[in-house]
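Some structures are shown below for you to check.
Here come two complexes built around subunit A, the first alongside subunit B, the second alongside subunit C.
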Partner chain A sequence: MSTITTPRQDADGDGEAITQRRRSRQHLLSRGALYVAAIVLAVWVLLPIYLISVVAFSTNDAVYEYPRQLIPSGVSAETVTFFINATGVQAAFWRSVLVAVTSLILSTLIGAPAGYAIARFAFRGRDAFRILVLSTRAFPIVILSIPLAVTFINWGIYDSIFSVALMHTALALPFTILITSSIFVSVPRDLEEAAQTLGCTPLMAFVRVVLPLALPGLAAAAIFTFVLSWNEVFAAVILTVRERTLPALVLSSLNASPAPFRFAAGFTMLVPSLIIIFIIRRYLLGLWGRVSR
Partner chain B sequence: MTRDIFETRSVTRRGVVKAGAGIAGAAALAPLAGGRASVRARQDGGGDIVFLSTQLTPIEEAEAFRGEVLSGFEGEVEFVPEEIGPFNDRVSAEAEAGTGEVSLIGGQHGDFGSLAEQGLLMDLTDLATELADLGIVEEYLDLGKFGGEQQFYIPWMQATYVMAARREALEYLPEGLTEETLSTDLTYDQLLAWITAINEAEGPRFGLPAGESGLLHRFFQGYGYPSFTGALNTQFTSEGAVAMWQWLQGAWAVANPQSLSYDQMSEPLRSGEVWVAWDHTARLIDAARNSPDDIVMFPAPRGPEGLGFLPVVAGLAIPASAPNVEGARALIRYLTMPETQALTLEQVAFFPVIEGELPGDLGEGIQKEAGAVAATTEDEQALPSLLPVGLGDQGGAYNEVFRNVFQRAVVDQGDIQEALQTEAVALQEILDATGASCWTPDPESEGVCQVG
Partner chain C sequence: MRSTTGGRSSCPLPSAPFPLSSVICRLTAELTLKAHKLGWAPYLLLLPSLAFLAIFFAAPMIQAFGLAFQNGDGEWSTVSIRTMLDDAAFWRSLRTTLLLIVLVIPIQFTLAMTMALVVNAKLKGSGLWLYIFAIPLGISELSAGIIWFAIFTERGWLNSFLEGLGIVDRPIIFLNYQEPLLILLAIVLAEAWRATSIIMIILVAGLQSIPKDYLEAADMLGATTWQKIWRVILPLLRPSIQVALILRTILAFQVFATVIALAGRGLTTLSAESYRWYGDLQNSNVAAAYASLILLLSVISTLFFLWLVPANQDRV
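Take a look at the complex of A and B:
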């Protein structure tokens, strides 16, 4: 028996080693594939950012070099400086920030309670409401442009950043409501009830228990609103003449401008949204685990 | 539809040629430059003026216009460049609301068509009468009436299309052509021989603005068709048209394939990707300004029917809802003064619309361009065309017809006749839908212009 078992054991041991090796090879392969995919994704996102930044800080002549170089031959902040100092650019930049922050606050203040209601309460017409909220995005805003402008003129809020913020809030609300409602759904109701049995009022339970758990979702919705507002150009163009936001200014003045200015403007638009995403992202990832627990 | 008032009958070919002489005048006096013109506004603005414009939108032009041209006006002017879509929407919306921000609008002749049609522009007839004495080209003033009595806009500045080449390309000029005779003798056949020779020695160095926002359709409409057929819509499928498209097939074979991505030619000219190019004066000036010694500029070539070219007129109008009419009128007076016109040419490379001598010191690049423009308008074979008239919002679709033929017959190397026959149907549909009658270079039509 033993003479038979030993080789079998040996064979087993070998087999285990082989499967282990195979497993580790598979593991390595899948890890490798993961890394390749991650690198491809990173290049996909980073390469355009790199090219925009490099050209934005090239000398004028370097931009026109032919054949083109990946690594610029001359560094200069000339075009970026010209762009930033061009009439209206700095004012438009701060207006854009103000509009984006206002939209972010407004859409969270209005959207989060609506999302909570959809998530927590069964009321008549809840599904219809959910669809209705989305359908506001189905209207092509292009058709609305003249009536919108006329209405805003009649209300006396035409050509102001407040009007643009209102419009951006309206555009962002459907997504804010849907994102927050799905996040409130994922916060277990039991926790809220437990808090109430331990003496919390419903409001305190919401603030102390639900809100901290829902924060990552709210942060995601906030990022979304900020980026939407920062990039939105159509409403911003039609609702303002003098009080232009940065994208509106860029659209009207850079379409026919030489390449260096377009890159300078692209760079100027890119940096703030990157900064905002980096700030909120850390927060977002740090808290994400708690909800899925 | 409502084409009646938009017939531009009053503008004859001869009329536009004469208008072109205004450009020649400006170009001729460029070298006489004395000191820098000191421009002082004679009019008082009174209150601030929002000036919305589809022209001078590139950031450098807008900055130069604000800083050097508008700064001489004694009123506060907010110059807001805008694309044509939002421009129309805004003027319409402010008119509908009965009040608004915008007091003065600037645009191309074609930009004012639908606004005038809807009655959104003020009557400027009295201002036109006053300014006519200052030497604004009469034919351009007539353009601003859209065939009726009322003056809808006042001519502001003009531009056209010319050719530019890098100096190293001159080495390959065909027999019988020199840098000097390039301006007076170049034919389409010679141009083809020239760019073919360059291609053989150096690779494809001929460029056309065939990118998405490029103005290549204007080449077909104002240069190719008139030069080869003497007309446009009425000769759309003619033998002359086929010859023109064949010429383009030949030229495309030696053109830089990157042409499909060029929106304007000054960048590829500067980088040396392209040695010979055709484009709008405002889209070539950058190359001429930055390296005037390396760039030669000359008129587009002549075809069997003449030297077709397309003058582009921009104008100033006051919307009916303008909050500051007096300020806007004062600004129009200021912008059409000879000193301001010269300054505009110097700063943003748009040519004057007034006749007579202009003071001012023009840069070398602009002098080159002005030379090419003057050579174009003064040419005995010059054959000026109008931008499409009476197409309203179908202008884009109209351009698309020409670009489709280009795509099918030239880029995809398909059959020319087949492409022309297919697109002729689409072209007629557009003309029928808008009810547009023929415009120069086509002969006058009774009713809707018929594609031939």
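Take a look at the complex of A and C:
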């Protein structure tokens, strides 16, 4: 440390200028290193996606070609079409959509009120509830689909879209509660109080003032639940037999299916998630950053 | 005062043509106001969540242990536990699961930390970098498994590259049942690729909450980039690191589809065994025994990380 303070004690700018120059060169160097790191990491993330896209957009015969060409000689929808028209795929696709939408609606309807309560009210048991919700993260919730399967058989809703949706709602609920609570916290309380002073009841103040402001965040949270459900496979494959969701169908037929089917499946399941992540890209940091606090 | 003048203006519907909706509107308004005054409101709002978590989280958890200590006829017995422990695949699956966690988490943290520093450095187009690094967030385990299968399969991308570069003249069989270590390596890469983004996002959010003054102070004292990372950033990131470690380990205990897609039956994990006992062997008791073990290990690992990386910053 003494070496740094000495030049400054010279009083005139000479020593200062040297450290300044050294610092700016170091700065440039680390800037360059950062750009290199950024590009390498971006290639690491994007290359596998490109590779599966090349395979998925080749003809059925070209899927077996070896060695593979990084720049494909031709683009064909044959492989993807083959997958989409395979038995059960379209039905499974729509089931997946239905399960994801049901989970999204259920988790928002059940979780958002709790999030609002944590954000707005000071009440006995609030911290206890927060800790309860946080502690659910210490448990692999998907694994609970094994005992739940036994329960669902007793209830007579086993092997149905609804049972999978319930499981996915349980999976998403802790996140929904935490995310919505932080979204409601970010809506200024003054506005809500002002609305109430101007004659709104608490409910109307919520509907007319808080909800419009919280809507984008809530939508992003709901969309994230959609991705969670769309991608989930363990619970889906445990809780269904004939009513498979798309990932469950692909997984259970993986070892018996030809290569074009596999690769097209991997690609097809990827596309909706990629689009959704693109749509909510502005909220990613908010969603997960908030949850981690 | 408020109920007479405010009650009408807060209802969006004109009262004359829709008397019924007006009544309902006023009724709910009165009710919520009453609940609000009595302090019930927060509890009413929590009720659905609490009920749902009780039915779909607490109850199945207890039931998992219950099932594990029962035989197929529903009588109390340790036969399911013993079946699990005596199965040849049990120790293999436990070893693979733990090995996977030990191998993949350091790789993921190094990658995620680098990504987070890149994003936080505000390079040109920092939003773009964040988006690219976050893409795998939306990719499912199964898709990731299939993508990396396309890379590692015998006539796949990796062999094509190696042959193109003249490193090998005949394709190597990476996903060979005789070489479990190679399969494990493939799974580690696939997992590192897929599940690093979540850590990155948590770390970026943590980085952004570090006050600028701290880093400027370090600059003034002439700290190098490395010193800044080790002495300032990492200690201040401790809460985020703790959360990320816990989340990642819990998720790693569930690794399932990646393993099935890449290894088939060549390698097995605890959750894959749970699935096998439930699906193929139709024994939900042994499957529940595996589930209980995963639950137990998850809680132990969480407590371990809470102890290892305390979130409070008193030592900074």
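Some notes on this structure:
The criterion applied here is as follows: the second predicted complex is superposed on the first by the 204 of 293 C-alpha atoms of A that agree within 3 Å, B and C clash if a C-alpha of one lies under 4 Å from a C-alpha of the other, contacts with A are read in each partner's own complex, and residues count from 1 in each chain.
Everything that follows uses one rule, which is that contacts are C-beta pairs under 8 Å (C-beta built on N, C-alpha and C of every residue); 3 or more make two chains touch, one makes a residue touch a chain.
No experiment lies behind these values; they were computed from the predicted model shown.
Contacts of A:V150 after superposition: both subunit B and subunit C are touched. Contacts of A:L251 after superposition on the shared chain: both subunit B and subunit C are touched. By the touch criterion stated above, A:T201 is placed in contact with subunit C alone, subunit B being left untouched. Of the two partner chains placed around the shared chain by superposition, subunit C is the only one that A:L274 touches, whereas subunit B remains out of contact. In the superposition on chain A, A:A86 makes contact with subunit B only, not with subunit C. Contacts of A:F261 after superposition: subunit B is touched, whereas subunit C is not reached.
Look at A:V237: by the touch rule set out above, it reaches both subunit B and subunit C. Ranked by how many residues of subunit A each touches, subunit B and subunit C are led by C. In the superposition on chain A, the residues of subunit A contacted by subunit B and by subunit C overlap at 64-66, 146, 149-150, 237-238, 251, 254-255. Within the complex, the subunit A residues that touch subunit C are 1, 3-4, 19, 23, 26, 30-31, 34-35, 37-38, 41-42, 44-46, 48-49, 51-52, 55, 64-69, 109-111, 113-114, 116-117, 120-121, 123, 125-126, 129, 132-133, 136-144, 146-151, 166-167, 169-170, 173, 177, 198-204, 208, 227, 230-234, 237-238, 247, 250-251, 254-255, 262-263, 265-267, 269-270, 273-274, 276-278, 281, 284-285, 288-290, 292-293.
Put simply, subunit B touches subunit A in their complex at residues 50, 52, 57-60, 62-63, 66, 78, 80-83, 86, 89-90, 92-94, 96-97, 99-102, 213, 263-264, 266-267, 270-273, 283, 286. Within the complex formed with subunit B, the subunit A residues making contact are 64-66, 83, 86-87, 145-146, 149-150, 153-154, 158-159, 237-238, 241-242, 244, 251-259, 261. Subunit C meets subunit A in the complex at residues 2, 5-7, 9-12, 28-30, 32-33, 36, 39, 41-43, 45-46, 48-50, 52-53, 56-57, 59-61, 63-64, 66-67, 111, 114-115, 117-118, 121, 123, 127, 129-143, 145-151, 155-157, 159-160, 163-164, 171, 193, 198, 201-202, 204-206, 208-209, 219, 221-222, 224-225, 239-240, 243-244, 246-247, 250-251, 253-254, 256-257, 260-261, 264, 271, 274-275, 278-279, 284, 287-288, 290-291, 294-295, 298-299, 302.
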